[in-house]
């Protein structure tokens, strides 16, 4: 069963194209990370999926139905972000009770247990919480709702490291006990990559790739060594990232289509072959800037030397 | 695998209504404040005239509860506009909602608030009399219209509630217009004005407005009055609903 | 009244200050209590209204009473002159004084305009001067305002001289309520209830003095009137 | 239990290696049931799908076998297989290093084999004496 299916999805705000002919299929009961730099269209895509926004063009199906303004999709999805609106006069307990009324699978014991664990008094007002506490409460709501489609849009903003770690573990355990489709957007892939199954990488509103995480780690390799040797190796290959380390030594990331012979050749010419961490790869794949930050400094230096 | 929930619209509307009623308790508190304000205004803006009877000066102070009524009508309007603003509007979409359930629960909420406001306004007239007793301790009280008959109170509450509902629906429509796009909100009154100018001057429009208000206000049967006001309110609300049916949830 | 307003204003200001400065958070419970309290006040007020002292009410007169009052107004002096000031319906004896006297001559000082003084010789010689103030209702716009404007006449008696003190000009304040506006719109049609006719009826007054048979009025003022007894 | 986040090795490979080490050290005996993907996910705080990939690598190599409905079990020859594989990998790597170094030093192939033979004899002698 497909949880999400979109074909040629477009979302335009005035001049700004937030989502650009995006096609995506997410199978049900997968934990998928939506990764991309700021402004890649993550939030817009998630809001389109949650049915908050209306697509400008293209088709979008969530559990087989168009999500915009759809009560059935809304009842089966929860959207967690740091801009969730809560009435300031109600306490956390009231909010939980409301969630219990509208979400069929609401797990009250889990909600209570998590609130208790994070030392959040159910009698507290949402308005009186700190930013991190608010994020924690939102995340708890997202977990306890047990929605077939659970969307977390940067849920950890403001949480400190310990809480973040606990939350990731809670998410993983809850996911294993109650498998469901989870979308998790973050620009900090490093922290969450272990618990994700698939990754959708976005850039400028389009999909760069959609791969299971193990495949992503094999997607590219890093080559470090003599620039000349690297040149020979990278000829006719897709170079994803280059970094000049010294005048004759550089680091290149290429798409992993090396054959056994190539590996041998590399080793013989003194080139180190390393795996590229998924988080780094995502950065390389979505880099908008030309070159690296080092180039800025080398340019200013050459100007100064002149 | 988790089963997919089949929500019933009515259940969601009920939950949203109960949630908002509880969440917006401040609205009721403001109603109390407005009620007291109306009473204070009624007391301070009482009309007064004097006559002299030989050596004796007679002064007659007239107190009307109209201030209570109009302040409450204004309250109903403002509250309805407020209900369409982002913070209030997005509240539904935190959890399960669509436009229909959102608007329906708002409608029920407006009806509840209108009935409360109407009742408050009608009973406020009684409280006004009681307060006036103590605020003007030296005045003799003309024993007319002091005691309101139960029927008068009930009819007063019902009629006031309808005024509140109408004001609320107009406010809701205005708020939704504003949310739909500031341009449209700006243009609507301009168009109306231009239309009035071209279509035979302001007097016709005034007469039109009068005939509309007269259609509702000058009704002698309570049932017909309620039916007419409910119909008009429903019409206005329906317009607001159609206007906001395709609105996106921005949540920011 | 101004003091009351100032007090209210001060209370309001203090509350706002306290909430703002001391950070007293207004919780839902507070608001609930405020709401419940106000609702109870509203619901109780119709009953509380009935507990108010009736002395402060100025009753509305009906057409019959009005015409009675008109007749009484016209005929008070006449009937007083005939020795029966209270014989007309609607005439009230509002004040009475009794003064014991020793001499045989009484001086009445200070005639007040609009206050005829009628003197009657009693048949007995009990040595007591009885004074009574009679009046007919004052009606303004169908409201009986007599009670609220008692004639401020004072009498003093010393050494066989009765002094009528000039009434001090004073005001009477009335409060009236308009009918409930929204209910009126409908109920007016149900039972027509026009505006009260604007009648202004000033009540007539008579100071009626009864003196013992053996007492004479000294230096009779031309404005003093004497009971003109017809028959026995 | 934690995985080494600093290493460049993908997690599923680390899982596979960890399981191999468990088998080598005898903590998991032959024909014994190994951890399920969910147990592994819990232990290492990773997605169960990633853990499953680690298991499937071992299954592909024949170190684990699947019993339908029961889970994954260590093969009877799991230990030997792992030993073989590690030997092969390590030795191959060392030999490559040796050949590369010899090339840089300009040592001919015959000389290199002679050196290896000598080293082997010396070792034997030491062991005997």
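Letters A, B, C and D mark the chains as written, and numbering starts fresh at 1 in each.
Everything that follows uses one rule, which is that contacts are C-beta pairs under 8 Å (C-beta built on N, C-alpha and C of every residue); 3 or more make two chains touch, one makes a residue touch a chain.
Keep in mind it's a predicted model, so treat the numbers as computed, not measured.
According to the touch definition, list the chains common to the neighbour sets of subunit A and subunit D.
none
Whose C-alpha centre lies nearest the centre of all protein C-alpha atoms?
B
Look at the interfaces A-B and A-C and say which one is made up of more C-beta pairs in contact.
A-B
In angstrom, rounded to a whole number, how far apart do the mean CA points of subunit C and subunit D lie?
115
Taking each chain's centre as its mean C-alpha position, how far apart are subunit B and subunit D in Å?
The mean C-alpha positions of subunit B and subunit D differ by 78 Å.
Between subunit A and subunit B, what distance separates the C-alpha centroids? Give it in angstrom.
Using C-alpha averages as centres, the distance is 47 Å.
Measuring from the mean C-alpha position of subunit A to the mean C-alpha position of subunit C, what distance in angstrom results?
For subunit A versus subunit C, the centre distance works out to 86 Å.
Would you pick out the residues of subunit C that each touch at least 2 other chains?
Where subunit C meets two or more other chains at a single residue, that happens at 28, 31.
Could you list which residues of subunit D touch at least two other chains?
Subunit D, residues with two or more chain partners: not present.
When you check subunit B against every other chain, which residues touch at least two of them?
Correct list: 22, 25-26.
Which chains touch, pair by pair?
A-B, A-C, A-D, B-C
Per the contact definition, I'd like the list of subunit C residues that touch subunit B in the complex.
Spelled out, the residues of subunit C in touch with subunit B are 1, 4, 8, 28, 31-32, 34-35, 38, 41-43, 45-46, 48-50, 52, 56-60, 114, 138, 140-141, 143, 145, 147-149, 152, 167-183, 185-187, 189-190, 196, 200, 202.
Okay, in this complex, where on subunit D does subunit A touch?
Touching subunit A from subunit D are residues 3, 8-12, 38, 41-42, 44-50, 53, 96, 100.
Would you mind writing out the residues of subunit B in touch with subunit A in their complex?
Residues 1-7, 9, 11-12, 15-16, 18-20, 22-26, 86-87, 90-91, 93-101, 245-246, 248-252.
In the complex, go through subunit A and note every residue touching subunit C.
Contact set of subunit A toward subunit C: 89-91, 125, 128.
Enumerate the contact residues on subunit C facing subunit A in the complex.
25, 27-28, 31
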